[in-house]
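Letters A, B, C, D and E mark the chains in the order given here, with residues in each chain numbered from 1 onward.
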Amino acid sequence: MDYLTELQAGITAIVFFLVGLAIVFVTIGIARLLVGVRPKPPGKLDAYESGEIPIGDVNLRFNVNYYIFALLFLLFDVEAALLFPWAVAYDKLGWLGFFEAAIFIGILAMGLVYAWRRGVLKWVY
Amino acid sequence: MTLAVIVLLAFGGLVLALLAPNFDDRPAAIGAISGTVFGATLILGLLAAQESGVLYGAVTLGPLTAASIVLLSLVGLLVAAGATIRGGGFALGSGEVHALVMWGVLGGILLVGSAHLLIFYLALELSAYATYVLVGYDRERRFGTEAAAKYMMLGSVGSALLLFGMALVYAETGSLGYGGIAAGLAYQTSGLALGGLALMLVGLGFKLAWVPFHAWAPDAYQGSFPLMAGFLSTAPKTALALGLAVLLARAFGGEGSVVAGWIGGLALVSVVLGSLWALLQTDLKRLLAYSTIVHMGFLGLALSTASLTGFTAVGYYLVAYIVTSLGLFFVLEALEAGGLPSTLEAWKGLGRRNALVGVLVAVFVLSLAGVPLLAGFLAKLYVFAALAQAGAWAALVVAVVMVVFGYYFYFRVLAAVFLDAPAEEAPALDFSPTALSLVVLLALAVVVLGVWPQPVLDWLKTAIAGLV
Amino acid sequence: MSQIPIPEDRHFRPRLLGYDPQKSRPWLERTVYSAYVFVFWLIVIGTYAGVPALFGALGWDSGWGFVLMRALQVVLLFLLSAVIALLLILLLRKYLGKVQERYGPMHYGPAGGIQTVFDALKLLAKEDFVPAAADVLTFRLAPAITFVASFAMFAVVPFASGWVLADTNVGLIYLIAVSTLSAYGVLLGGVSSGNKWALIGALRAGAQMVSYEIPLALVFLTVAVWSGTLSLGGIVDAQLGLWNFLPLALPFVLYVIASLAELKHIPFDFPEAESELIAGYNVEYSGMSFAFFFLAEFVELFLLPALIVVFFFGGWHGPLFGLEPGSLAAGALESLYFTAKTAVWVWIFLWIRATLPRYRDDQLMEFAWKAMIPLALFGLVLAAYLRLIWR
Amino acid sequence: MVTLGHFLLLSGLLMAIGLYGVLTRRNLIAVLMSVEILLNAAALAFASVAAFRDPSLFAGQVFALFIIVVAAAELSIGFAILLNVYRTHGAVTDDAISEMRG
Amino acid sequence: MTLILIFLPIVAAAFVGLLDDPRAEAAKRTALGVALFTLIASLGVYLAYPVSFGGFVSEFKLAWLPLVGSSLHVGLDGLSLPFIALTPLLTAVSVLASWRKTDKGFFALMLLLQGALVGVFAALDLIVFFVFFELVLVPMYFMIALWGYEQRRYAAVKFLIYSLVGSVFMLAAMLATAYLAAPALGRVSFDYLDLVSVAGYLALLPAAGWLFWGFALAFLIKLPAVPLHTWLPHAHTQAPTAGSIFLAGLLLKMGGYGLIRFNLALFPGELERFANLLAVVALVSIVYGAYVTLAQRDLKRLIANSSVNHMGYVLLGIASMTAVGLHGAVYQMVAHGVITGLMFLMVGLLADRTHTREIAAMKGVYNAAPILGGVLWLALLGGLGLPGLAGFLGEFQSLWGGFLADVTRPYVWVAVFGIVILAGAMLWTIQRVLLGKAEGALDDLNPVEVAAAAPLVFLAVLLGLVPAALTPWIDAGVQPLLTLVQEVLK
């Protein structure tokens, strides 16, 4: 596709984001106008824990697996990004393209296998 | 042939990493595998000689690449052997460590072989990431994680600056291949290109630990295991120095180019300030880090001449430095494994507690200082010769004066080892036979290289002749 | 102590048009749904055909005029998503009711047909305040990010041939980027609330969305390899002969599962998990801020099935009965086909939601990494191989 | 007219922002994010140079793609290391990791 | 032959180092054996040297570092032979003097030192010269630092740093010389003979002055000349007896030898240009050295400072650039090696017995231990330049040479006062230490110590009475140089 279409697509995306944000905040603003500001009795602004009084720090020490999965995601997702140009040009590349990508995917899979064997993929509490 | 090396290292590492969970309690087996791989690549490197390009000319497989294969495989082999020093009990025998070493070495080889900035960058990062992880490999050591964090932070800042510099050079020349860059820079150099070259140099300066981009080095050395510090101080430096030589010769205009001048300046600053800071150190690993900075400075001085003598000097310097530095770090490794911390305080009276170890330490330290008949002296001599040949008298004089400072801080180590009395409850110094034979071998290499360097030099010269 | 009077008819409901709410009237329900769909269809036609025609006639289809046109279309699409949300919430409640042998909303409007409108009005009238422990800026921004990220997917979804706002070469990449962005909104919302449950919900949501993002992206890749393009229009066009779900059966199944997880839909609704986490990441939200989280969820409930249709079921393709391709009538018909196919998939999603129980958290994650991703990788290689030998 | 200079200026600005972040942030995660900004500045520069100077070869665009990928790898390693720092030091600020002194 | 003289001790040092020898019995015997063997060998070469022809004998050349154009080129001529012979002699003396030491390392270092010193005097290649010049430092450092007196660490480091500062500048100058001379030679060569052949070209270089001073600095530090001498009193005082003998007897000679060998031969024009300055330095060394000697309370320090005075004559002789002056310089160096070696030997033995070096604490040594006292008496007299002993001829020729040259003539008049002052110092020392009534008993020399002192006493007398034992060789070494210098200066 030509340059103009891509430019228009880019502008469209920007318009989407800007107008979308505008809509959200205008709507919230309208609601606020409708409702007005109400008094804040004690307890209203506390964290909601099914009516119990909140105890302890909000910053829980959570499972380290979250981080590990985040790291794995980062890698796999971005490695996938590397394959998109390949996918588009795939018909031109032929068997060479197939084998190169197969090797690449194979290495990626090896990474997964490694993580698996190391026991990283086990979600434990 | 060289492709085989690349495949061997890449998949060797992969296999080791995959074996790791099952094999971690068998460090000897792991070491044997990685030793075999490195031995094979070493032989392949010695056999490979023909100049050719692969990957559409993005990687050059020439004599220099072959030389880098030999050098880096040697480091890998030694590290694989050195991993047995500590014996059981720690993960240095783990397959992952060896895999990372392998990939670090692979990155280094590609770095030297690259003829395209993309490959250069990828290879650089490959070896860098391997070392980041190696530094912080033991998750329980406070200093280890701290060091890895600092190293990684500054290293990634360095690579980002390098990248931006590459982009500017690309903007000027419209090419990422070395040949294209050289052609593009040949006509005229605008401010854009100069800025790009400067940023690239800054980035590489971070990696080579040139002052003022060296801040990570002392911490990284202090925090990591001595063996890994040894790897850190040899393999990436070897690759970077040779890679920079290739870059300088093939892309940046070689002798007399503006980049060469900058390299010289940075190197000189490193030599001077590194020597001065080294005087203040009390931890041996930190001291050696500053010593590395100084040595990288000397290397940079040789590089900056961009002449055949200069590049040969770089090569010889690297050989000498690999042997010497690894030897010393092996001693540190063995001593640390035996419970002796790497501080000057703890090393007091080492020579009296074990004379042989003392003499071995003396050989390595004197070689680092540049005492004649040891490898380190000839290395420095060649650097000075290259400077003299290029007529860089001021640099020569400054460098030569800093050698005196070097002597001073190296002799502090020797003074602690030989002159001070050992502490009261000094534990016995046990060297395993492997460790001892390894260190003795390296010490002999230091002496032989210092007395009869000609074969190595001839080999290096043929490898480097294609550059100039 | 005086007794509080209790009204006699505790089930008092206002009656409209003399309509008896206690009685189920399936035809009336269908009429109501059809009305919603008709409105939906009108808006689609207006957005993709009406507005460009208007601006074309005015000569405002370049420069700032173009921007204005797109802005108008975006506003229309917002209306569209509102309609979608109203309809889908209604449908969901009705359908859940049916499955559970009850009626669902009955009282407001014909067959309860404007119940959701009232719900929306209620949300509009509720106070929207920031809890003391929350980080104000992030807390305010989170629903907006989530909504805009979901909503922005509309930009590349083709409702009919040429009926797409951004007919771009990188449509798939745009989709990945935008859909990952919505995870940010959820995460930020939960983390900034200053509430433990919200935090846990957000983390679960993040882990889950992020884990299933990978198979999703890999399936995108497979589709791209198969079609040779990243443009959604191109992908639809490439399915003229054969819809993709046949040759790409494995990626198709993976995609359905992954989109369920992306939707945080049963059986993958851990982030909300009313019974465990009150409401998960959005527990502290109220009023319109909450409404936008909700809106985003239902926009996605429409868009992800719509993407199934685009990727695997030939998008807008269907018999045109001799209508000239590219004409307004053909476009209208094509968009109807598209809507109908999507409706089927929405129904399947609702069905799943109504039927299945919730997974366990560890099973969810391990399923993603140990089954979905390897299979997706395999599917990618397989598709590439088949593409080569069948070309 | 938008020229290469504008793009390079933009990426230079990003570079400056990133460097500022690297130099001033106390929290190491923020530093890592600043490093990402640096990398993205470079990626932007590469992509724009490819578009203006090298339209036929795409080398710069490929480079930009690789930068993104490598940056992801870098981040993974970085966060893994910072995670360990957090475990050993209880914080990820630069004050926490200045125990080593020479 | 030269190679044997250089490398046999070095190999022997390694061998001794590896011996399993806790009491160092085998080590000291090996060391003595090697020293004696090399002594005989070098004496053989010395006597066989064709004095009438001059030139280099036992030359050996092997391409060592072709990359920089350096080769392992060694050879002996009249200039170096006296030192070549002196080195194993003093080694043997030192070994005997340290007969009671029980560290094999000490003897290994001594052998290493011997080899390196012979290497320095035999080197005919700049790089090789530098290698040995540097190599000398390491064993000397350890000898002082490990076995020295109370302030050994400080002294050792000071010695090391001073020497290094000089030698690194020398290295820079060497490299510069070789590369600047390359156009004239057509190749880069560090070979001494090559470079000497283009001394005329070197003289024309604008940087010649810098090169000259690069070399001269190292040698003046080693010599040592005031104001670069401050390392010397410490090093000499703190070193063990053997170390002091080596330092005074041989290490200082490297400076004078280097000045003649390199500064005179390669840069005669510059030497002439700076002769005035050098002469001033020499004069200051003579007078100041003597004067400071007068003020010492530490016996070893006193001798050390007298060396400054003695070496001043060497510098004066060289600065005069006359045949007589150079003769005197070389003669003085050899004589000083013998006499000061003897002095340090005796003082060391004395200090070992009295456990102090304070002059004030010693009295009547001659009465208590006649042999020891007598030899020390002889040595001190030799030190003041008494005719009939070795020191006189050297000093006299140096002064006479200085008198012959226009540049240095005025300084000679003042320099004479140096002799007087030093004579005063020495005589006063004799009076304070040797004469008077003995306080307590002193062991006299045992046979081993006598054996150590005997050759030096013999030489001190021989060189004082029979200058022909040395002058023909010096002549053979100096005459060709002077011819060359005349050519270049024209």
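The working rule: a residue touches a chain if its C-beta (ideal position, glycine included) is under 8 Å from a C-beta of that chain, and two chains touch if they have at least 3 such contacts.
Remember, it's a predicted structure, so these values are computed and weren't measured experimentally.
Counting only chains that touch, the fewest steps needed to get from chain B to chain C is 2. As a matter of contact connectivity, taking chain B out of the picture divides the rest into A, C, D | E. Chain centres here are C-alpha means, and the one lying farthest from chain A is E.
Set against one another, A-B and B-E show the most C-beta pairs in contact at B-E. Measuring from the average of all protein CA coordinates, the nearest chain centre is that of B. With respect to chain C, maximal separation of chain centres occurs for E (centres as means of Cα atoms). Averaging C-alpha coordinates per chain places the centre of chain A 19 Å away from that of chain D.
Centre-to-centre separation of chain A and chain E, using mean CA positions: 80 Å. With centres set at the average Cα position, the gap from chain C to chain D is 34 Å.
Inter-chain centre distance (chain C to chain E, centres taken as mean C-alpha positions): 96 Å.
For chain C, residues touching at least two other chains: there are none.
Pairs of chains meeting the touch criterion are A-B, A-C, A-D, B-D, B-E. By the touch criterion given at the top, residues 64, 67, 70-72, 74-75, 77-79, 81-82, 85 of chain A touch chain D in their complex. Residues of chain D that touch chain A in their complex: 62, 65-66, 68-69, 71-73, 75-76, 79-80, 83. Listed in rising order, the residues of chain C touching chain A in the complex are 66-67, 70-71, 74-75, 78, 124-133, 143-144, 147-148, 151-152, 154-155, 165-169, 172-174, 176, 180, 193-200, 203, 206-207, 210-211, 213-214, 217-218, 221, 224-225, 228-231, 278, 283-284, 287-289, 292, 361-362, 365-366, 369-370, 373-374, 377, 380-381, 384-385, 387-388, 391.
Chain E makes touch with chain B in their complex at residues 17, 63-68, 105, 127, 130-132, 134-135, 137-138, 141-142, 145-146, 153, 157, 160-161, 164-165, 168-169, 171-172, 175-176, 178-179, 188, 207.
The touching residues of chain B, when paired with chain A in their complex, are 14, 17-18, 20-22.
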